[in-house]
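Down below is the structure, laid out as structure tokens.
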Amino acid sequence: MNDPIVAPIENRGVSLTTQEVLVETGNDTPCVMRLEDVSVSFDGRAAVRGITLDVRQGEVTALIGPSGSGKTTLLRALNRMHDIERSAVVTGHILLGDTDVYARSTDPTLIRARVGMVFQRPNPFPTMTIYENVVSGLRFSGVRNRSLLEEAAESALIAAALWDSVKDRLKSHASTLSGGEQQRLCIARALAVEPEVLLMDEPTSALDPIATKRIEELVVELKDRVTIIIVTHNMQQAMRVSDRCAFLLMGDDKSGELIEFGPTAKLFSEPTDPRTLDYVNGRFG
Amino acid sequence: MSVTTLDPPEDPVLARRAAIQLAATSSLRRRKAYSTAGIWVCRAFLLIAVIPLLGVILYVVSKGLPAWNVDFFTQVTKPEGIPNGGIKNAIVGSLIIDGIAVAFSVPFGVVGGLFLAESDGRIAGGVRLMADVLTGVPSITIGIFGYIVWVKNVGSYSGLAGAFAISIVMIPVIMRAAETALRGVPGTLSEAALSLGARKFTIARRVVVPAALPGLITGVLLAVARGAGETAPLLFTAFGNQFLQTNPTKPMETMPHTIYTYSSQPYADLVQIAWGTALLLMLVILVLNVGSRLIAARLGRERG
Amino acid sequence: MSGGTVSRRRRFTVPDRAYRFALAAAAALFAALLVAFVTAMAIQAVPAFSTLGASFLWGTVWDPYHNIFGLLPFIVGTLETTAIALFLAVPIGIGTALALAYLVPNGLRAPLSTTVELLAAVPSVVYGLWGLVVVAPFFAVHVEPTLTSLFGWTGLFAGPNQGVGLLLAGVILFIMVLPTLVAISRDVLAAVPREQVEGAMAVGATRWQVLWRVVVPGARTGLLGAFTLATGRALGETVAVALVIGNSAHLATSLKANAATIPSLIVSSFGEATGTQLNVLFAAALVLLVVGIAVNALGRFFVRSVKRSGAASVAVA
């Protein structure tokens, strides 16, 4: 259980008998990801700092706040997307189950196979077919077993509500799909590797209202299968889909900090912090 | 603390997840090895790409510098065996031929570039393609063309024929560079001039071309660098001349031609002259290249 | 159109109509130049076809003394040298371009790119000089014996170690086409949208997998264009090849043999050619020109279609 490279099988493990699981105090939902005093800075200047929160399994956790508050920066730190940025430094602890995401001995590609990401604008690989897109993550991770690939692809496409539309044209290219379909393809691609967490960075901001609604429905459907962390600048969306919300705000030092974190309903109706109240009442943002 | 019962382990999602994690971790070492190997091979290739340049420069400098003496610059080419040879005739010939070529190519190229910059139609697209294609056409064919048009009709080799051939090399380069430079001028400038009632010609002459000057100069210098280094177009146009010749209607010697003819000579002193000429030629081209970047940067900065 | 009302001074100006006409005339003249180029060459080549028929294009023997003109040895030589050059240039070029676009620290990117681009500024004749005087002896003493002992069994390395010959010409040609190939490839590889790179990373790809399975395929049209333009350059390269290829009119079957290309043939025999031989050389030049134009146009088309589509065309409805 202490080997950081081998992914510890999550709380619902493969043991043959029921297993007692230690859970968080105050609530019986296990925590799949935990952030402790996380900061991200570029060239020495902090973009987001002092973030401490825990993400519970099977829930949708939303990161909300006005632009510039560091939501996306924080999200990208969770699957080590900042690794390509030489000027980026991430401090604090990010724990995925028992694994320290930023430990020296942790391999980023393994983290990314456990923590998937869907981006703001759909980005299917243009030179690959629909099928190849969906199984790309599996192939990258070294999965060769044909039946496993096909099984995972079908399951992911069904979960992304795309299977019926594409099952007869798996060999056609991704560019033949509409914007909303492409985003669901990207979701399927992320789901195919069976991640434990799915990060979504404003996934509907480039889509029309109908496509947006379908994705939001999808998010709620998917949360049993994979824990979701979603960044959104749309408060109503956060209210509709999330179980808990983290409100971030840019402080005087131009870096984002966590103002309030709690169940969505409470955050929007009776927030503790006055700044949260202002934000959810639309006074700024 | 409370206890949670688990779902039965036959959950296909979990089973798949376990299988995928297993595949990922067991293949990790192999995948990382491939990744590292691929990356280092690419970097090694980069090194391989850089080595020839260093090699050429090294040799040209080390073998060419000893050839540089007073005679080199003041004497004309002498046949093998006769000492104190130089390349004065080649230097002068290159200057004259390239000079005539520039005088002809620059106006033609800039006007052509203006045409391309101001038009977006299919005709302009066709002309643009022609210019691009002409920059890549085998240079020997340009020389043959020059031969057909000039030498055959006039009856003799001449510096003018050589200048004509070099112009064909330079013009498309200048045209495309001019187009890029002119398109880079913000449209707001010419719109402002237009709203003041200026004619198109005036706008071009007083607003657009001056604003594009850094890019134009860069383009011209690069075209000259390109033209000055060409040999094949000169072989059957300017032909070559053992003696100093300043009359462009006669055959003339040029630096590339000297390098070419002396490279394969079995006489060491002639080969040395070839190296010396190569050094001079490369120096000129280097200065033109670097100079064009500097001038462009300087003028660009002054305009803010 | 009234002139500016600010000043009443007479300024030299030209009516718009005349201005546009002058521009169009320059462009037309340029187009006419290109047309004249091909036509003039064709006119000079016609007598060869009428005297010899078209068969000289694939004739295998070149013997001017007996009026036998077969261009096949030179066509094959051109193709062989080009093939050698591309065989080396494609992997090394793409690898170099990948390195420049993604695998070197930001500070080194510009200087290294400039260095590779400077390779293109070296005149062809200087490459020829260097190749003949420096590289050929090195080849004869070190490279050719090693290659012969390693690969002699393929039959491609028959003959003496002269240094000059097909292999050297191919290698020099490789050095000459590399900068163009690298410059264009680097641009198209770097132009692959960042969202593709991030998408691949996010789904668990290693760095190399991102480059090899997403970036390179994503740039493939542009890379094809770069490859095509490099081919065009290699086919037409004259002086450097002429100096190092050994100039023999026989069809070369060994990499160490002397050979010739169409450009080197023209260079070596144009000066003294007369009559039919001269016309044949014009015909050879015409073939070279037409192929050069076609390959270049094709290459430009590929490169341009990349720029037009913005590198990755994904329809977002």
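For clarity, chains are labelled A, B and C in written order, and residue numbers in each chain start from 1.
We adopt the following convention: contacts are C-beta pairs under 8 Å (C-beta built on N, C-alpha and C of every residue); 3 or more make two chains touch, one makes a residue touch a chain.
Being a predicted model, the structure only gives us computed values, none of them experimental.
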| item | value |
| --- | --- |
| Category of the chain touch graph - line, ring, star, complete, other | complete |
| Winner on C-beta contact pairs when B-C is weighed against A-C | B-C |
| Gap in Å, rounded to a whole number, between the CA centres of subunit C and subunit A | 49 |
| Separation of mean Cα positions, subunit C and subunit B [Å, integer] | 14 |
| Shared interface positions of subunit C, touching two or more other chains | 204, 206, 209 |
| Per-residue overlap in subunit A, given as positions that touch at least 2 other chains | 109-110, 113, 140-141, 193 |
| Touching two or more other chains - residue numbers and ranges from subunit B | 24, 31-32 |
| Residues of subunit C that touch subunit B when the two form their complex | 1-6, 11, 13-16, 18-20, 22-24, 26-27, 29-31, 33-34, 36-37, 40-41, 44, 91-93, 95-96, 98-100, 103-104, 112, 115-116, 118-119, 121-130, 132-134, 175, 178, 182, 204, 206-209, 211-212, 229, 232-233, 235-239, 243, 263, 266-267, 270-271, 282, 285, 288-289, 292-293, 296-297, 299-300 |
| Touching residues (chain side subunit C, partner subunit A) in the complex | 105-106, 193, 195-206, 209, 213-214, 217-218, 220, 312-317 |
| Complex contact set, residues of subunit B against subunit A | 1-7, 9, 11-21, 23-28, 30-32 |
| Subunit C-touching residues of subunit B, taken from the complex the two chains share | 24, 31-32, 34-39, 41-46, 48-50, 52-53, 55-56, 59-60, 63, 108, 111-112, 114-116, 118, 123-124, 126-127, 129-134, 136-141, 144-145, 148-149, 168, 171, 175, 196-202, 204, 225, 228-232, 235-236, 256, 259-260, 263-264, 271, 274-275, 278, 281-282, 285-286, 289 |
| Of subunit A, residues touching subunit C in the complex | 79, 81, 84, 86, 109-110, 112-113, 116-117, 119, 121-128, 136-137, 140-141, 174-180, 182, 186, 189-190, 193, 206 |
